[in-house]
Each structure stands twice: as structure tokens, then as C-alpha cells.
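Chain lettering (A, B, C, D, E, F, G and H) follows the sequence in which the chains are written, and residue indices restart at 1 in each chain.
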Amino acid sequence: MGTHDILLKVKNGDISIDEAEQYLRRQPFEEMGYAKLDTHRKIRSGFPEVIFCSGKTDDHLLNIFGKLYEIDGEVLGTRATINQYELIKERYKEAKYDKVSRIIKIEKEGKKKVGKVVVCTAGTADIPVAEEAAQTAEYFGSYVERIYDVGVSGIHRLLSKLDVIQSANCIIAVAGMEGAIASVIGGLVDKPVIAVPTSVGYGASMNGLAALLTMINSCANGIAVVNIDNGYGAGYMATQINRLGVKQ
Amino acid sequence: MGTHDILLKVKNGDISIDEAEQYLRRQPFEEMGYAKLDTHRKIRSGFPEVIFCSGKTDDHLLNIFGKLYEIDGEVLGTRATINQYELIKERYKEAKYDKVSRIIKIEKEGKKKVGKVVVCTAGTADIPVAEEAAQTAEYFGSYVERIYDVGVSGIHRLLSKLDVIQSANCIIAVAGMEGAIASVIGGLVDKPVIAVPTSVGYGASMNGLAALLTMINSCANGIAVVNIDNGYGAGYMATQINRLGVKQ
Amino acid sequence: MGTHDILLKVKNGDISIDEAEQYLRRQPFEEMGYAKLDTHRKIRSGFPEVIFCSGKTDDHLLNIFGKLYEIDGEVLGTRATINQYELIKERYKEAKYDKVSRIIKIEKEGKKKVGKVVVCTAGTADIPVAEEAAQTAEYFGSYVERIYDVGVSGIHRLLSKLDVIQSANCIIAVAGMEGAIASVIGGLVDKPVIAVPTSVGYGASMNGLAALLTMINSCANGIAVVNIDNGYGAGYMATQINRLGVKQ
Amino acid sequence: MGTHDILLKVKNGDISIDEAEQYLRRQPFEEMGYAKLDTHRKIRSGFPEVIFCSGKTDDHLLNIFGKLYEIDGEVLGTRATINQYELIKERYKEAKYDKVSRIIKIEKEGKKKVGKVVVCTAGTADIPVAEEAAQTAEYFGSYVERIYDVGVSGIHRLLSKLDVIQSANCIIAVAGMEGAIASVIGGLVDKPVIAVPTSVGYGASMNGLAALLTMINSCANGIAVVNIDNGYGAGYMATQINRLGVKQ
Amino acid sequence: MGTHDILLKVKNGDISIDEAEQYLRRQPFEEMGYAKLDTHRKIRSGFPEVIFCSGKTDDHLLNIFGKLYEIDGEVLGTRATINQYELIKERYKEAKYDKVSRIIKIEKEGKKKVGKVVVCTAGTADIPVAEEAAQTAEYFGSYVERIYDVGVSGIHRLLSKLDVIQSANCIIAVAGMEGAIASVIGGLVDKPVIAVPTSVGYGASMNGLAALLTMINSCANGIAVVNIDNGYGAGYMATQINRLGVKQ
Amino acid sequence: MGTHDILLKVKNGDISIDEAEQYLRRQPFEEMGYAKLDTHRKIRSGFPEVIFCSGKTDDHLLNIFGKLYEIDGEVLGTRATINQYELIKERYKEAKYDKVSRIIKIEKEGKKKVGKVVVCTAGTADIPVAEEAAQTAEYFGSYVERIYDVGVSGIHRLLSKLDVIQSANCIIAVAGMEGAIASVIGGLVDKPVIAVPTSVGYGASMNGLAALLTMINSCANGIAVVNIDNGYGAGYMATQINRLGVKQ
Amino acid sequence: MGTHDILLKVKNGDISIDEAEQYLRRQPFEEMGYAKLDTHRKIRSGFPEVIFCSGKTDDHLLNIFGKLYEIDGEVLGTRATINQYELIKERYKEAKYDKVSRIIKIEKEGKKKVGKVVVCTAGTADIPVAEEAAQTAEYFGSYVERIYDVGVSGIHRLLSKLDVIQSANCIIAVAGMEGAIASVIGGLVDKPVIAVPTSVGYGASMNGLAALLTMINSCANGIAVVNIDNGYGAGYMATQINRLGVKQ
Amino acid sequence: MGTHDILLKVKNGDISIDEAEQYLRRQPFEEMGYAKLDTHRKIRSGFPEVIFCSGKTDDHLLNIFGKLYEIDGEVLGTRATINQYELIKERYKEAKYDKVSRIIKIEKEGKKKVGKVVVCTAGTADIPVAEEAAQTAEYFGSYVERIYDVGVSGIHRLLSKLDVIQSANCIIAVAGMEGAIASVIGGLVDKPVIAVPTSVGYGASMNGLAALLTMINSCANGIAVVNIDNGYGAGYMATQINRLGVKQ
């Protein structure tokens, strides 16, 4: 029952002011004891809450999944294991799982995908993070194009896709190792670039810290950086930007 | 003389094809020996080139400044010393200097400021970086509102400005020390937040690295981070985002 | 047999001075070959010794557990595995184990819990550390209230609990990722805040170092920090502070 | 206007449902309005605001100083230069400056100092930070005893002062280099120890980071750590703790 | 062929100037020929070669073990797994294994242990490293006394053993976590202290780096540091020092 | 379509100015079209593509392997597991696997090995990385000599091999722990030294970062460094250098 | 007096064998009390010794400069201040100074420059380091071409110079900030690339460490890295490689 | 008052049980009373106190200097500025200053120097730290030989001094940059090597941290490390070791 419904009932005398207050006080978040689902979030941000599955106990996962499904009619869970998927699957037959991105979801059908977000990766090993970004953006309603394995060690691969890249409202650049792709893209477009360092690499890559530093120190303009392997965060922010480019 | 003008002259037979080729070949960058001004940039990105004054010799600064003024009719220089300003001032009387942001500029009059970018700081010591961001965004045509000194140690100060913050197309959150303000704002808005760590602090702040890490690890969504003290970069990207929210 | 008892017996002539010296000489610590139990600690600090179970061999654990049980009539063991619990359980039927905090204990009944310590977490993943803190404080006689999952990305969740938080003698703020919650709480209360960074997070969280740096650099007053995941240490110090607020 | 009032007006048709929704959307935060919280904070904490002078412009410093003097009748400024003192001195003859701690203040006479805080340093070079802590605590009404130059390389110096140290409500342990003193004190007392790493040292001390790590990893209980050289923060928190030990 | 010989041959015309140049070009190094230096080293150091077993293949381990046994009649292997022991045991019945230190050895009987090395640990978890140090020193002929679990959080335990510690030619101080014990011992003795940081700890101990930094920054004199967990290196150097105190 | 053609068409009215601008905007990049550059690269470098097997799925590995085999008639795969080898082996009987270097390959027979590359290691544990380097260089046609276990703790071992080392066109120095061997070799030869830090070591070696720093800070000339454990990269670059020494 | 001369005199009986030994013993280095000039170096490496002027006292600098001038008839000094130049200039009128690279030198006339080394920079601020590299390579006899200010944020600038870059025997890539240029060049050439990170940048560039990490983690082949700002080292190694490409 | 006396008084009723408890609580420490330990230390160590002049105020310096002169008849001050020397000189005409080591001292005449300590440096820039070590050791009565500028980039310089190095009781190896000299010396001698990293270097030397890591990770035995630039600490410990080799 949303705010509007409550107010309507108050107006119509269907519920007392005290009852309404009761609802509204609880409304900003749903107390589950161990967790406080931020159900007020959609009002504030226009984005439904999403489940970070990694490390959740089976009970917690099932309860939160169920609650969100009930509220939104669809659910997105990131960093899910195959076991967690099977757990969910048993109760919710319509749940789908993508092995690459490790995303589990139930999605409303016929959702419209608008605008354009382009997701680029430097190598093939960066694809899992890129897919988390791409599928998140798609879940939130963005139209996404993928351009994978176009790292700077063969710059012509990237250049040959320039027209697609330049047509996006927002570009997500995903790279591990030295992470140079974000700077090159940043120099070629007039739209914001969200750089996602990945933990791909070895030795002095320090699990992605080197790529993060490369991206933060980029000499190109219009680049900002999210946490290592944070595909979800990039997909979320890209959607915020993409919506601005579409809305009016 | 822009690409359009050249093509027009070719069409009209005002210049020969050879002369036109001559122009176009030089167009992607202006070779100055020690530097290659990226004059093609405006075509690619819609943003004129800007001067990072710090460490430039007097000769270089004057020449680059003059060249850009000639091309664009206005110039923005960041991280300028008062001495550099006096040098420029002597030749270009219309140059203005802002001590806080250390920006030197000649700006076309009557420029329209559109959309809305909000720049927040945690403390007063973060204002120089914030002003670099705000004035950069304004130079590039964004309408900017400033909300300074609303750090998380007195959260009510920030909350009392929520309506303004929530009305922006993009929020720039500037903070040193522990840099927590970006997360709090991120949790309250539905637009992208560009987080700018500053070198404000002492001890374990490690000249801004602590704030950078805080912001990169933010538990809120819709936040991406630029380099420490990089107000210019934040203002640039905020304008890219703001234009998306305005253009159509 | 405590110091007081020995002296009483000396006074009453129940034991000889030589026998008493014998006891007292051994009192500052109990030599176990591989370990020196600090039995003098309770005199100095008012806190009985506690077992850090992690990595202890079965023999050592059993012996130390037994010794402390003999001396104090109750025992607290932290970071215990389920296997260690089963080992203890076999000999001491009254031992209890909590899976979340990984605490094993035998506790005297009817212990009075005084004053108030509030334990807050930013997320649900921080709860194991928070429970180690809370149960440690309770074992040492503090009354504890838990407020979990109130991180800064949804600041209203924290604000809705302000009255409880403000009523404590000491607040323990537990958070991983960016760890901003400690600063926000520090700005809202007049009592000391003990900040506990956790290893929750990924990428640039560097197993809790980022949260530790955030907390150490807090712009709020009245905050001090313990080691990453050190719930026990926070519960101990909170009890020291809580006792000051209760004692007189 | 509270929730109840809004609902009443909806019920009575005084405002539309849309207007009511407008109000309710911001309510989780707006009930924390600026003025209200501010007053509440003043009443609650009993700590007047303090000036961090470092880097303040002359104008800002004078204005803030004047404002606080007007409100509280006394002022404390930390990290002040001798020049800043002379600036203040010119207008406020009663201002005093302490070269060691770099504190500038005007203090009400006859202030009562209660409880006991002990401030220890490892070496003589740590005294400036210790004095910032001690004078801050005194300004806030704590009785302070100083025990300086009792580092662990001559442990007998510390042990000879044990009775004083054990009589405090809170101990502040200030040390650079290897910072081991906090652990030794922590093992000898039953009250909380606030550890302050200092930037004293050279080479691998990394301006205090080594001492910070030592203190955070302390094997003793009842120790928490503040930022490097943060004497003010330690004096503030020690006063919070000391007040608990005194108040009732 | 030495320089003198070459020159003589040149003088006598036995070799050409070109040939002589050939010889002389390599002479600064070649006079350090393999066999010669090797013999020299054996005579000089009196330390037989030792096997670092970790990561050795079965074949390599068996061959090296056999070779050394043949030459020296005894062998010491460090960081050996139980499996490696069983492998050796099968061929060399007299091999012994110590689970705590993970040392495997065949030792000549009736070896004299001279001088005195004292090995101290802060906690019980440091004992494996300490035993590697102690048994290495014993294998090389040092008399060793062990004083374990005397960390600074209960300083009386260490002080009660002062007479033993002060009677050594060299003290090895083994500690993880904050590693403060080395400084305290350094301040109490007139002999060199070899500090061994261990990887014992969690969180900000960073696998021993914090303890290493503490020890390197020690404010006490006469302390030098070896690598984290390097018990063998400490036992080796302690023996070098101990021999100096015994030999004459 | 070149610039000249476009201008001609503009002049002739065959295309509009707008269309021409469209072309020109992308021209600085599009002349680097995919196919052209690619062919150019093959002809130019003479290095066939190589497979980094680590983390590849079975399908991907098999497909890429097959494709390259088809094109080049031989394939080199690095960082392959034994399972990956068995997978390949099943389809390509002629595939060979080397357990030490973890290289899987099919190599044309009778390949000529020219010039000379010397690969040195400090210890035996560095050999896997050294073999990756050596076999890569051999696969690319370099003649390679191996000099293993000549670390600086027994400098005579290295010196006794000086003539071989000094006869190479390029020396690869492979070392973990303190990595000093690169500097010593650098001081003894007149050819470039490629230093490869390895993750061999423990404690403060930080998985090779210490060796990397040693090598980067070398006081000898003619040394450059590749990533930790990057034997492949060293073998590749050594071949580039070796070819220069051979070609003419 | 070289080795050949000495041997000739021995053969001719002009000097005794003892005198000859005296010479030869001293020959590998010239003992100057405070320094040991490595005059044997030229035999070993084919490169004369060079002076690192930074921090040398006036006396030391003059003496070493004089000695090397005497031996080689030319001298190269790096990192020289203008004052050091004036000091040298007074005694050696023919000394030249370059303000940008801070190189002081006396160079033999008519020196032949062979082969080709290309030195690229990402920005204009990297030029001082690039010039140190270029002028060092020239001093050692390499023909050098400079391509400055071709960083990846405007990739077309670099691509327009591809033919020159591809014609070199060795490329030196000089860059601060994110240092991505090395990877891009590495992907475009078949010759070795020496990457020189510079301390150009601010904030998270950490004085060049970020660029160093980028370059070490390069996904392109044929790249190795020297120390931050080490133009001299890059010029030296590039000459070694260039000589290989020329010599035969 | 010993334990026996206390118990006797309890038995006799001369003191209450409470009073007795009071005594006993402090007893484990109080037997280490100030005066007793102090005297004991003086007798034991034979090392007079030394002044670390850096940062001392003029007053403090003069007073401490005077006090120590009075007690010992000689004084050693390290890290003294020339101004501090002039201050001392005015009052104590016999004070001497060494610009290189920055040591100020008054030394008794005819002091005997015994045993042998050898101090080696890698370069000339390490000499100031080496001289602090050498002169400290000499002041404490060690005979010292200096071997400077024998770094590993010209290993023959070091090898030519092997006989002197091998004749010492203890070797101090001083080096910045990559610090490899300690490992090479460690492999050539049978006596302990104290490694002193220096802050000499630039870029990735990180003010000596790289050298420290090299030395701590040394693959040679018998090496331990002191803080960066800590010549004094090395000279002190070397004297402790040297005395062991001399005393009997």
C-alpha cells in the first residue's frame, strides 16, 4: 500500500489518522530484524532495491527475495552462486540465472529499453563484470550495446567501433591490468565515461588497485571511477545518466 | 575557421581543394613544437581546450593562451598562480582571476547557464576545490548552486538543503578527511553524484587517499569518483551529464 | 582462592605465612609451559581473562578453558569454530555456542546487566562482528541494545533510532565498505563512539583498511577506532566506559 | 507540521493528497530541521564549538573567533600560528597563546576541573600533541595529570608512575616511532586508554602510520585510536569518558 | 694463473699481449672461481647448508637431503610438511620431525651447546616461529632458553624473567600483532636483540607488516629486524653473535 | 574515401556540406580501419598470437587454440593447467606440455634458433617463471642459455658464468625475495637486462612487490622491469632485442 | 694508460712487473677516497661513466668532472643545477647546459649519431624527463627523434606519427598521470618499448607510482619499465638496444 | 616492604586486609623501582646516554648537553644542525662538529678502540649515514674501518676489499636505492651484517622503503635491518656485537 493509497483512505475515512500514522512511520523501511529493507528508496531514487547475494544465508536470501518480489513484482540479485539460484528457483520457477554475470532475476515482461548505454571491455576476462553492468542497466530500463575485447594493445579494434561508442548517452569502460582503455575512450567522446577497474591481472595489478589508480589519474576529461569489479554500480549510474538523456 | 566554413568556401569555389586539404590536415591539432593543441577536440567533445597552468613556463602559457583565445574567443586556465595572472593580464586586459579557485579566464558575455548542477562541500577547507568545479561547470554553460560546509558531523545541515540537492541533474560532492558526505548524498537523490576527494586533512588522511578510498567504497549507488582535488574534472563531467538533462 | 581469602586465612592463622607466600608468588600468572595465564589480570583490570580460540590446538584450548572455568566459574571464548565448540561441549555440557558471533561460553546465571551500550551496524554483513561486541559487553555485565542495518545510504533508518542511540553511555559503530556511519553517529551524540571497521566489502575496501582509514579520519569528535573486525575489543572498552557511567 | 497535522488536514480536505505527499516525502529528514537539532545539540553535549585555526584566512578566523566569544564568553583555537595569535591578540587583549600546543584561547576564570585524565607520552618530542590533548581536556573541565617521557625503552620510568596512571578515569597515551606505550599501559589499568599516534620519527615511521598500526594492533584490551597528532580529538573523547566517571 | 704470472709470461714472450689482455679482463672476478671460494666459505663460516623445504619437489628434496647428509653427516630442513617428512623418513630412519616448528632433521649426537641465546615470544601463537629460531640455533651449537607468552599486555610476566634474559649473549624477540615486546626487551638488556615479526594477528596487522614496522621504528637501541616469520634467519644470526661471545 | 575525394564531391555538389562534415569528424581515426591495421601488424611483428590460458573456459580455449593452429600451424599457450592440456591433447595429439613452465604448445619442427638470450635465476624456486621466459623466447626463434640458481648470496656462482652471460644479446634476470641479482648482472654486461620479479618469498616480500621495487630502483644501468612472474613478457621482449642483434 | 700500454711496456722492459701489477690492481677503479670511479666500466660496458650531479658537493663535483674529462675527453652530468653549471663553466669554458633536461656536458665534436631511437611523451610536462633520455641517448651516439605531447586523451595525435614511431629500433615512452601511452605504443610497434613513468600529476598519482603501476601491468607485449623520472636510464638502455640494431 | 613482611603484619594485625591488598596489587611492578633499575642499567650497559639533537629547543639541548657532560665527562649528539653546534660551542669550547655525519661531540682523549667493525656504503650519497654509524661505534670504543662506494653495479670494487670485510666482528652495510649490497656481503662473511637502508634515491625508492624491503627480504643469512638512515642504531648494535668478540 503506497503513500497515495493511504492518504486516499484517510481522506475517505477508510482508516483512522492513527492507523495512517502507523503505516507511514513504518514506510521508509521494512523492519526484518536482521535487515531493514529500504522500501522508501524507490520514492527517493526511482530505483527498486536490489539484493547483493554474496554471503547471505539461505533464509535471509529467500525472505528478502520474497519481500521484494511481493512489493515490486520483479527482483534483481547480484553476485549469486549457482546454489543460491537453485534455492530461489525451487520457490520461484520464473527466476533466471546468468552464469557469466552471476545475476539472478525475475523480470517483468515487455519492459521498454530506452536511450543507449555502451559497455566496453579491454579483454575477455573483464566480461563477467561488464555483464553485471550491462544487465543491471537493462533491468533498470536502459538500452545497452556491448563492445568487448577492444583493449589498447590493439587500438584499431576500439577505433573501428567509434561510431557506436560516440552514439551512447553514457559509456562504461571495464578493464583490469593497466586499465588504459578508459582514457582512450574519454578522449574520443563527448559523453560521460564510467570507468570500472577489474581484478583481472596478476602480480603488481594488486587485484585491481593498479587499474583503479590508472583510471583515477586519467588525463582525459569526463571520466569517473567506481569500485573494483563494481559492475552493478556502473550499470546503476549509467542508467541515471541515460535517463537524463532520454526523459524530456 | 571551422570545418563548416572551409567546406562552404570549397563549395563556393572561394578556396581550392588543395588549400582546403591544407587546413583540414592541420585541424586535428595545432603543432606548437613543445605542444600539440587539440583543436579537433571541440568537434569531438563539444568542449573547448582548457589550460592546466600549473608548472607552465611564461612563454608557453602566453602562447597557448593567445592561441586558444584566437580560436575560441574565450579561455579558461586552472591552477594559475597570481604571477601567471599578472603575466596574462598585461597582454589581455579582460582576463579575470579568482583567488579561491585559482582560475584565470576570459569569458564571453551573456553566456546562458542551463540545467542545474549542485556543488556540496563537507567543510570550508574544501571550498577551493569546489569552486574550481563550480566555475568550470559555469564556464561550460551549466547553472550551478553551491551548498558549502554541510559535512556529516552535523548531518542536519545537509538535510535542511535536501530540496535543492534533489532538484539538480548532477551533484558534485567535495570532501577531504573521511569523505563520508558522498555516501549520504548518494542515498538521498536519484541523480548521479560525482565525488571529489580533497587533500584536506592530516595524518592518516594521506593527502586525500583516505577520502578517495571512502568514496570508492561507498555503499550508496550512483556515485563515481575523480582524482584528489580534481575540481575541474568534476565540473567537466557534471556539465556532460547536465547537458543530457537539458538538451532535448 | 583470591587475594582476600588468602589474607583472611593468614590473619586467622588458617595457613602459614610460607604457604601464603607460595600462593601469592604464583598469583600474577599461572605457568602452563606453553602459556602464562594472566591470573593477576582480574585484580588489575576487573576483567577475567578471555580465550581467543582461533588457531589454538585442541589440547591447549581444553586446558586453558578448564583452568579459567576453575578460577572464575565462567568462561568466554571468541572466534571459536563449531568443532572447537563440540570439543568443549563434550566435557562441559553447560557450554553454549553462538554461530553468528562464533562465541563459546559458560556464563553464570542471573548476572545483572547495567547501564547501556548501543551497538549499530551499517549493513547486515557486519552483524557477526557486532554480535561479538554485543555479547562480549553483555558477558562483562553491560546492558546492550542492537540497532542493525542503518548505514548512511539510507540515513533515515539511522535517524529513526536517534533516541535509543542518544540514551547510551557508549556507542559501538560497526561498518565495512566506506565506514561512514561512525562519523554520522559521532555528530549526533554526546557520548564516546567506538568505531569498528569490518572486512566486509570487496575491491578497494582492502579487507577493511578503507573503513579503518575513514573512521580514523572522522571529522566528528568523540570517535576512536579499534582493529578491523575487533568486536571483542570494542565490547571490552565499551564496558569500561559503561561502568564509569554506572558505578557511582 | 507533523505527520498528524498533515493527515488531519487531508482528512479535513484542507490540503490535497498531492500536497500531502509532497510533505511526507521529505519528512524522514525534515523533522531534523536545522535550528531544532542545533539547540538540541548544544543542550545535550555541553561542548562549545572549537576553532581549527590551521589554514583559516585572517578574516574568517577573526569572525568565527568573535562569534564564538560572543556566544560562549570563551574560545578555544587549536593549531594556531604565532601570527594568528597576534592577529587575535590585537582585538582581544585577554587571549593567551601556548607555543608548545599552539593553542590560542580565552578562558573563563575559576572553571572547576573534575575527575582525572592522565596524559602520558613516550618521548619529549610527543609533548606538543600531548599538550593539545591535555589543554583541550582542561578547557572542557577535566582535571589532568601529565606524565611525560616514559617510553618503553626504559620501562621502569612508566612503572614508577603506576599509582597515578591507575587512578585516572581515562588515560591518553601519546607516542610516535613504534608507539608501544599504549599496549603496556593498556595491560596495567582498568580504564579506557585513548592512543594518539604522533608523526614523531623518521624513515619507516612514515609520519606516524607505523605508530598508528602498532596501536590499532595492540594485544592489550581497552585501547582505541585516534588520528595521527590528533591531540584535540583525544582530549575531547577523554572528557566525555571522564564526565561519565564523575557525573553521578 | 695470477697477475704476476701473466705479466711474467708477457715479459718472457710466452704469451701475446692480446692473450694477456684476455686474461686480465676477467680477473677481478675470475679469481673468485667456484671451487676456491666454496672451500673458503666452508672453512670460514662453520655453518653447514640448510634446506628450505617449502615448495621443493619430492625428487629435489630427496637429492639435496641425501647430498648434504653425505657431506655433513647431519641435515636441517625448515618449513617441511608432514608429507615431506614421511618421504624422508622412508629412506632415512633416523630423521626426526617437529610439528610445531615444522623442522625435519638428522642431528649428530652429543653435540655441545655453548653460550646462551634467549628466545622470547609475545603470545602462544608466535611459538612456531620461535621454535624454528630456537631449534636452528641449537642445531648450530647454541645453548637456548625459551621464555614464551610474555607479551606487553601483562608486562609483569616479562619482568619476572629479567635475570634469564639479561644473562644471554643475544635475545630473539618474536611477536605478531603490535610487536611491542622487542622495544621493551631492548630497553632492559645490554646485548643485541634480533626482532622477528610474525604473521600472527588479523585486520590491520597485514600479515605481519604492522609488527615489522613497529620493530623497525623501535625507540630502544640494539635492535635489528629480520623478515616476517623468519625464525631460521634469527636463529642463524643469533648463533653468529653467540659464537663471538663464546669463542675466545 | 580520402579527404581529397570528399572535397571534390563537395565542390561538385555530389554531397552536402553536412555529409562531408560527418565524414571528416571521424577521419583522424577511421583511416586506421580494422582489417588494414591488422594485416599490417602481422606482417610487421612476426610474432604470432599467443594464448594466456589461465581462466579461459574449455570452449573458448579449444576454439582459440584451433583457430590459431589453423592460421599459424603452431600454437603457444601459457599458464595452462594439466586439465587444460588434457583437453587440448584429446583433439591435438601433437600438443606438448611442460609442467614446470605450464606451457602447452604445438611447435613446427626444425625451427632455427638464432642469436643468444641468457636466462638467469637467483634461486631454484624462480625456475618456473624462468622457463616460461626461456621457452617463449625459443618458440619465437631465439637461442637460449639457462643459468639457474646463481643468486647474490653466493656471488661466485654468478661470476663463474660471466663469459656466457657477457656473450648474450639480452639477459633475463629472474628473482624473487630481494631480487638483487638484476643489479649485479647489470653492472657486468654491456647488453640490456630484462628484470623479472617473482612472487617467490614470504612475509615482507609481499608476493613479489619487494623484488619489483628492488629492480626498479637498481643502481646499475641498462635494466628495465616487467610485471611480477611475467616470464612470457620477458621472453617476448628479449626476442625483440635479440632479433635486432641478429638480423642485419 | 690503458691495459694494452701497460702490457707493451712490460714486454719492452720499460716498467717492472711490480710496477705493472700496481697499475693493474688500481685499474678497475680510481680510488678518490670518498668515491671509487669505475674506470673499468668502459671495458665492461662500452659506456663511459656519467655523473649524477644531484646532491654532490662543489668539491666532489669539480674533481670527478675533471677526472672523467681527463680520461674520456668528454663528460655528461645529469640532474645538475644552474649553480653547478656555473661552477663547472668557470673552469671548463666548453661546458654546455640545457635548462630543460638539467644536463651539463662537454661533448666531442663530430660525433656520429646512428640507428634510431624515438622518444614520445604524453604531455608537455613530461618533456624534462624525455629530454634527459633523448640527450643521454644522443651523447652515447644514438640518432633520436622526439614526438612530444601525444597522450592518449587525443589518440589521433599519436596515430598521425605512427610511421616515425614504427621506424625506430627502440621507443622510449614517457608519461606521468595514468601513463597509458606505453600500452598504446606497445600495441603498434614490433620493437622494444622502454616505459618511463614520471612524477607529473597530483593526488592519487602518488608522485609517479600510479604511472609506474600502469606501465608494469601493461596488456601490450614488448614493454619494460624503469624508475620514475629515470630519463637517463631509459636513454642508456635504448642505446644498448639501438646499437644491436646497427652494429652488424 | 616484601611479601613476607606484609603477611607478617597481617598475621599480627598491624595492617588491615584492605591495606595489604593495596600493597599486593602493585607488587609485581613496584619491585622494579625507578632508582634501582637505573643504577643497574648504567653498570650493565656501559653505554652513556646520547642526544638526538634534531628538533630539540636551544634550552633543552644546552641543559641536557651540560648534564651529560657533567656525569660522563664526554657527550655525543646526533643529527645536530650547524646552528646547534655554534650554540654548544659558545659554552663548551672543546666541542667538535662533523658536517658530514652532523655529529657534535666532546670526547675523552686517549680512548682505546678495540675489535673491528667495518662500515660499507653502496654509493657516495650514503656516506652521511655511514659516518653517523662509524663515529657512533668509535665513540663507544670500537675500532672502525670504512669501505665506501662499493655498490653492486661494480661488484669488483667490493670484492677487492673482501679481506678487510672478512676480518671484522660485525659489518654495517649502508645503501639506498635498491640496497642489494647487504645480500652480497652477507653471502661473503661469517659475521653478522647490520643493514641500514638510506633515503638516497628517487621515484619508487619511496625515501628508503624500497631499500628496507630489499634488505628485509635478503636471501643471504646473518642479516638484520634497522630503520632508514639510522646510522646511530647500527653503530650502537655493532658495538654490542663487537664487544662480544673482544671481551674475553
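Just so it is clear, a residue touches a chain if its C-beta (ideal position, glycine included) is under 8 Å from a C-beta of that chain, and two chains touch if they have at least 3 such contacts.
According to UniProt, the chain labels map to these proteins: A, B, C, D, E, F, G, H = PurE domain-containing protein.
Here the structure is a predicted model, which means the values were calculated and not measured.
Q: Can you check which chain pair, C-H or D-E, has more C-beta pairs in contact?
A: Ranking C-H and D-E by C-beta contacts puts D-E first.
Q: How many angstrom between the C-alpha centroids of chain F and chain E?
A: Centre-to-centre distance between chain E and chain F: 38 Å.
Q: Could you tell me the distance, in whole angstrom, between the mean C-alpha positions of chain F and chain G?
A: Chain centres of chain F and chain G, defined by C-alpha means, are spaced 25 Å apart.
Q: Centroid from C-alpha atoms only, then distance chain B to chain G, rounded to Å. What do you get?
A: That gives a centre separation of 38 Å.
Q: For chain A, give me the residues that contact two or more of the other chains.
A: 28, 40, 44, 154-155, 159, 187-188, 203-206, 209, 212, 216-218, 221, 227, in rising order.
Q: Mind giving me all the chain pairs that touch?
A: Here the touching chain pairs work out to A-B, A-C, A-D, A-F, A-G, B-C, B-D, B-F, B-G, C-D, C-E, C-H, D-E, D-H, E-F, E-G, E-H, F-G, F-H, G-H.
Q: Please output the residues of chain F touching chain B within their complex, sorted ascending.
A: These residues of chain F touch chain B: 3-4, 7-8, 10-11, 13, 17, 20-21, 24-25, 28.
Q: So in the complex, the part of chain B that touches chain D is made up of which residues?
A: Touch list, chain B to chain D: 124-125, 154-157, 159-160, 162-163, 188, 202-206.
Q: Considering only the defined contacts, which chain G positions touch chain A in the complex?
A: These residues of chain G touch chain A: 122-123, 151-155, 159, 177-180, 183-184, 186-188, 201, 203-206, 209-211, 213-221.
Q: Which of the residues in chain A come into contact with chain B in the complex?
A: 44-47, 169, 187-192, 194-195, 212, 216-218, 221-227, 232-234, 236-237, 240-241, 244-248
Q: Per the contact definition, I'd like the list of chain D residues that touch chain B in the complex.
A: 26, 29-30, 32-34, 37-38, 41, 55, 60, 197, 199, 207-209, 212, 227-230
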